[in-house]
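Structure incoming, see below.
Chain IDs A, B, C, D and E follow the sequence of writing; residue 1 opens each chain.
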Amino acid sequence: MIAAATTDAFLERAPVLLRDAVTGFLPEPWRTLVNALIAVGLILGIFGTLFAFITLAERKILGRVQNRPGPNRAPIPFINKRFFGLSQPFADGVKSLTKEDIVPRDADKVLHYLAPVALLAFSILTFAVIPYGRNLVPVELDAAVLYFFAAGAATELAVFMAGWASRNKYSLLAAMRALAQLISYELPLLLSWVPVVLIAGTLSTTAIVDAQAGWKFGFIPHWHVFTPWGFAGFVIFMVAALAESNRSPFDTPEAESELIAGHLTEYSGFKYALFFMAEYFGMLALSGMAITLFLGGWRSPLPFLEFIPSYLWFGGKLLALIFGFIWIRATFPRLRIDQLTRFAWKFLVPLALINLGNTIVWSLMSNSSALMQLARWPVCAAIILVPFVVLGRKLSAGVAPRIYRYA
Amino acid sequence: MLGSGLIQGLAVTAKNLVGSFHDPARYTNVEYPEVKTKLPEAYRNFPFLVTESASDPMGTLRCVACQICEKECPPQCIYIEKSKDKKPDATGKMQLFPAVFDIDTSVCMSCQICVEVCPFDAIKMDQVFEVATTSRFEALLLNRNQLAKPNTYYHSIHPTEAAEVDGRLAAERKAAEEKAKAAAAAKAAAAAAPKSATAAASATPPSTTPTPKPPAAPSAEAPKPPTPAA
Amino acid sequence: MTALQLCLVFSSALFCVGLVGALARSNTILVLLGIELMLNAANINFIAFWRFSPSPAPATGVMFVIFSIAVAAAEAAVGLALVIAVYRHQKNIRLQEANRLKG
Amino acid sequence: MNAVLIVIALVTLGAAAVAMTLRNLIHSALLLIASWAGVAAFYLWAGAEFVAFAEILVYVGAVSMVVLFAVLLTRRSRADLTVTPDSAGRAISGFIAGGAVCGVLVGAIVATPMGVGSSPTPTVTVKQIGVQLMGTHAASLLIVGVLLTVALLGAIVIASADRTDDSEDTP
Amino acid sequence: MGLSVQNLWLIPLLPLVAAAIGALTPRTGRTLAAGAAILAMSFSFLLSCGALVTALANPATHATSNFAWFDLGMGALRLGWLLDPLTAFMCVMVTFVGTLIFIFSTGYMHEDANAKQFFCFLSLFASAMLGVIVANSLLLLFVSWELVGLASYLLIGFWFHKPEAAGAAKKAFITTRIGDLGLLLGMLWLYDSTGSLLFYDGGHGVLEAGALSALTAHTALGGFALSTIIGLLIFCGAVGKSGQFPLHVWLPDAMEGPTPVSALIHAATMVAAGVFLIARVYPLMSADQALAHVPFHALTVVAFIGAITALMGALIAVAQNDIKRILAFSTVSQLGYMMLAIGVGSWVAAIFHLLTHAFFKALLFLGAGSVIHAAHHEQDIRSLGGLRSHMKVTFATFAIGMMALAGVPFLFSGFWSKEGILHAAHEWDVSRVPLLFGLAAVVLTAFYMTRLVAETFFGKARSHASEHAHESPASMTLPLVVLAVCAIALGFLGTPAFPWLQAKLLGETEVLGHSLLAGSGLMMLSVVLVALGLGTGWAIYGRVTREKSTSPDPLAARFPGVIAFLGARMKFDELYAATVFKLNAATATFADVLDRFVWDGAVRFLARLGEFAGVVNREADEDGLNAGFDAGSESLRGTGKAYSRAQTGDAHGYLRIIAIGFVVLVLIMMLGGNR
């Protein structure tokens, strides 16, 4: 982390000041090391807690959507108060820790053990380059976005390991399906952020956030999502992120009602919990990246709201996106695997490519006259909307409300 | 356009999410073991034996151990042993009572046939559903102490039906009392006029004319139960 | 031994591991993987020479490695497709049995 | 500085060497992936960030998948996964040849005096790489793009089963 | 408002885009195709008007915009656009008439299933024609010229299911191709001698003084100047395209195409392309005028060909019965006039006549189309008649066109333009023949046009179709009215008193008019001649109208032989069949015989010789040489076996050998060379 600029407000600088207060007295090589360890510890702690409470929030929100309260009974130990079941995650954690860890007899024991660890490790690696606030980037990389997606791509390996090590043909087949899905959606995911890199002219996450600074007319932030290509890219990114993090409605890899959790069939106890955790970490990381790429990172939406510290803005946006994930899960039914891959290859990928071209048009029109500046809005909106409608028509051709003839 | 349906769906769930916090019509849950919702009156599960008083359940069982239900029960889950002695029943008549009345609830299928065939309104359908036990055999075989529940409980679970039964029983009891009264009066009359046989012979018609009336009342009421049941 | 020499020794060792694998194993996939290792060893050389060259400014080594990785990806895809095709014909992928064209 | 390099080299070489000797193909492939990750670590050590991430993205993300799929597609039973032991003669001759090459190379490296250049790690930013890719090496970039496309199409054509062969293939 | 020369390419581009749209729309998209075609043509018209404004601002200059097409060994091959009053007037005319014809076509082709293709072809044709006009390079002009030929082939053969239409299309294509061969040769020769094909290129163009003086300085075969030869070769192309004698035969047959096509191709544009070409290269054609030693000048040939064509067309038209064929031969005749005008040195008069003729001939063709459409495709004037009362608008406009064509004095444009030509011919001092031929054609034109109108519109209906004819829809009559107005109004742009058009074309800023009555003697003569023609026509055909469609022609009754000869179009087709085709067949037969017997015999003889040598060889080989070769090949095979043994098919082996080879090489380097 970089030392905070002194002009910032105290709250803004608080995390860095606090750290410096702890590690300031250490000699130089040790100081860097301890700083790094603190960053790792903070990320693990904060995101671990966040994971725990997101599972709770997810279940509560799902419950409310289905007009039921959700888990609300787990009491706080010793005082025996419920607080809406706030201690449920800890109960879950204790449960999964104490459950029997069953390893199939024929399983490839090493890989069976390694798969959840690898998945979790790769997921945590992706947290390293997200700017959580002003001057709050764990690792400042020149090719940060590339790093993020390189680490994210490695998760496929863990899925394969899980499916193969289980020595269960259903696990293996489900792992293959999961890989097909992950690879299919990797493409639109990667293509959807290329426009951002094109416009910002950098792969560094901090620089991308800096590129979104400022406000138009004093109240419209320069976030990428407020441009036609940025909005399209954001939507494509989020849809692909849903699929990459195995979230509903793209949760075919672990469809518990159809595949008995797919490649996780032979996992139980804490290993299963690790998978679970890794998936949530993946979702959090992708949301963080979406915020960085499209939603202005840690920047506040309005000038007069800048007094709120940047990391709180980041957290707020993160929670909003997570809420979106949960809301979508509460709404949509699961897709079939063929529908899912067709959606990726025949809709998202072409749309993402068109969006790339759209971005080029946008940037070509940007340094011209004021008229062109104004004209690029409808032009770029049309460039992305028309294919959207056409491809959507093609995709949903022949789909109609089902007629129940014998019911 | 693609996506409009998705937005509609999202709107539906959003409405539910918000509505569950303020709209009682949407959010109808209760905290179950602490709070229980009133079950519908027509709900039934497992039979129980009606007693007249809660304080002395065994003394006031309506059951007379006629064993009709035992014979009719399709899965044969009822086992009855008659008592050796008799005790007065609801109408005051001296009747037998069940010394043993067991129902195996692991076999019972809540078909209500025992209730239908019981001529004494002694066995009725219960509304229990929390019947989980830790033992597979003993705990599921209910004896007469476990089965006996007071009439007030019956009122609390099936109020309409219980009121009807009570009315019918009261009418029967009244008829029996009148009958007894009439019999007593007849006895008194017979005792008062033993001298002339002709007089007695001529006096019998007016004394016998009121006697068929009380049975006529229950017989007039008899077809009534099916109507509320329907 | 200087750092550059260390890098070069590392790369030649990796090259030889790949070579031995390609020579000693009969499974075609492993042979292909050995060849991939040799390619990687060559890439290491590029990076090492770029890193320790007197004037590393033009980044030619980096560019070369980027292209080399792209070509290696293509090679892997085609090679493994060939393996699958060979498997379809001879029901196994032992390299020494794929010798129908021998003289 | 050199210690880090030696650790990276040992891990990479070890993973590669074990991978080349294992009987279980899946384990071999996974260990090779570890070895590729080690190569990526070496790139990081050398300051070629972009190349390192590209190596991970391509090898760990993509090539590994192709390898694993190929392994799974070319076995008929579980027993097939562990390859039959290779002939000792070939192994020995392979070791001799490989060892000779290694000896020659290392001998040459050690014997050659090398003027070491700049000690500070040279940096190459993504921007520079982008400018070079689009400028000096634009033609190569296009050619590589065409090559990749053609190679992938060719791979699909080669690997996709002929319809007529299906009857024979089903065991 | 002006359109600069750099943007001139927009004018042909727009119809091309419309053609592309037409080609890409499905068969049902005729509204789209027609709309795109009309819209593109209208915009082209507006652009042409802009170009006209630009051109008239500086009428004397030839504004050019040249660019290199591709590099040849010696230099770049350059193309370009040219904007001068000639280009601008032609563009305006073509786009304006074209727009009207397109609109007319929407009505005329309403029932045709392939209408969208029709509009696609029409747009393509218009685009190519505009390309011819705006080209500043003979090569670009030639490319567009050939495209025009292709489009006309497609359009004439539009109803290709009719064998006559298909045949006519082929005939038109091949006949014009003969002329184009001359054009191609001339172009190549021109490029060879001047090294450029640009018309104007700031002093380096082929039509500019430098190149022309070089061309006239050389004498080629027969004592002709080089420019004469090249000019005549280029004139060959014009002869083919403009239907001049002797290549006029395709033009009447081309009437098999849809009538709007006839109007577009044979009135306004394609046939005018030849005249335009000669007018464009007029500096080249007239370069040899100053030379006295040549046997004859290029323009003399042009004048005589034009005169012959004018008279011949008019003569044949007298004896035709098909309404469109009469118009076609009148076109031939009028084109002859134009050529005559160029030949006698007044290309301005030719262009003026071209413009007026385009309007009134398009009017006549569209009127004929309206008649044909109304009469259910009855084209024989003997079967028509009495349409005057049914089709008032068509009759009125057709009559205006007829009077313009016949040259009725003073009011109609045709009179002024024709007068200009006769005047020019009168002043030509080489020969009187063209003037006499022209005057004869004036009489004949008035005569046959009177006949046409009298037979078609007067008298009583002589067939079921003409009895029940009704006025055409507005989309067809509206263009007629517009064209009729133009047919009258256009004449006043070029009267002798106010020769605005001529002045602008010649690049004079001042309009120098002389009195209306200058040269009044000739004018009076031609007025008399017109009156004579009209009077004779009316006397023969108008006063006593035809009773039945089968009743004999009064003229034919009097001169049966002449009329029959003329009716058979002077037997040109038969003449060609008897000469050209026969010659062709004879040549082919001769070649066949030569091939089959002479060359084949020689080849067979050689083969026999070879066979004999082979026998001798085999004897020697088997006995003498074989043993040695056997031994040699045996040893070769042994070597091959040894090598193929190394080819084990074992990839490991190869790899091992590579590794060992590498080691050996390095060792050699380290131990041996040490460099």
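Here is the rule we go by: contacts are C-beta pairs under 8 Å (C-beta built on N, C-alpha and C of every residue); 3 or more make two chains touch, one makes a residue touch a chain.
Bear in mind the structure is a predicted one, so any value in this text is a computation, not a measurement.
Asker: What are the chains that subunit A and subunit D both touch?
Answerer: Expected: no chain.
Asker: Pick the chain whose C-alpha centre of mass, unweighted, sits closest to the average of all protein C-alpha coordinates shown.
Answerer: A
Asker: Report the chain whose mean Cα position is at the greatest distance from that of subunit E.
Answerer: It is B whose centre lies farthest from that of subunit E.
Asker: Which chain has its C-alpha centroid farthest away from the centroid of subunit C?
Answerer: Relative to subunit C, the chain whose C-alpha centre sits farthest away is B.
Asker: Per the contact rule at the top, check every chain pair and give me the one with the most C-beta pairs in contact.
Answerer: Among the chain pairs, C-D has the highest number of C-beta contacts.
Asker: Can you give the whole-Å distance between the Cα centres of subunit A and subunit C?
Answerer: About 35 Å, centre to centre.
Asker: Express in whole angstrom the distance between the two chain centres, defined as the mean CA positions of subunit A and subunit B.
Answerer: Whole-Å distance between the two chain centres: 62.
Asker: Centroid of subunit C to centroid of subunit D, CA atoms only: how many Å?
Answerer: Taking the mean C-alpha position of each chain, the two centres sit 6 Å apart.
Asker: From the C-alpha centre of subunit A to that of subunit E, how far is it in Å?
Answerer: Whole-Å distance between the two chain centres: 69.
Asker: On subunit D, where are the residues touching two or more other chains?
Answerer: Within subunit D, residues 50, 54, 62, 90, 93-94, 97-98, 101, 105 contact more than one other chain.
Asker: What are the touching chain pairs in this one?
Answerer: Result for touching pairs of chains: A-B, A-D, C-D, C-E, D-E.
Asker: Which of the residues in subunit E end up touching subunit C in this complex?
Answerer: Subunit E residues touching subunit C: 643-652, 655-656, 659.
Asker: For the complex, give me every residue of subunit C touching subunit E.
Answerer: Its residues touching subunit E are 19, 22-23, 26, 31, 95-96, 98-103.
Asker: Going by the contact rule set out above, which residues of subunit D touch subunit A in the complex?
Answerer: Where subunit D meets subunit A, its residues are 26-27, 30, 33, 49-50, 53-54, 56-57, 60-62, 64-65, 68, 72, 125-127.
Asker: Help me check something: in the complex, which residues belonging to subunit D touch subunit E?
Answerer: Residues 90, 93-94, 97-98, 100-101, 104-105, 107-108, 111 of subunit D touch subunit E in their complex.
Asker: Applying the document's contact rule, which stretches of subunit A touch subunit D when the two form their complex?
Answerer: That would be residues 108, 111, 141-143, 146-147, 149-151, 153-154, 156-157, 160-161, 164, 172, 176, 179, 183, 186, 201-204 of subunit A.
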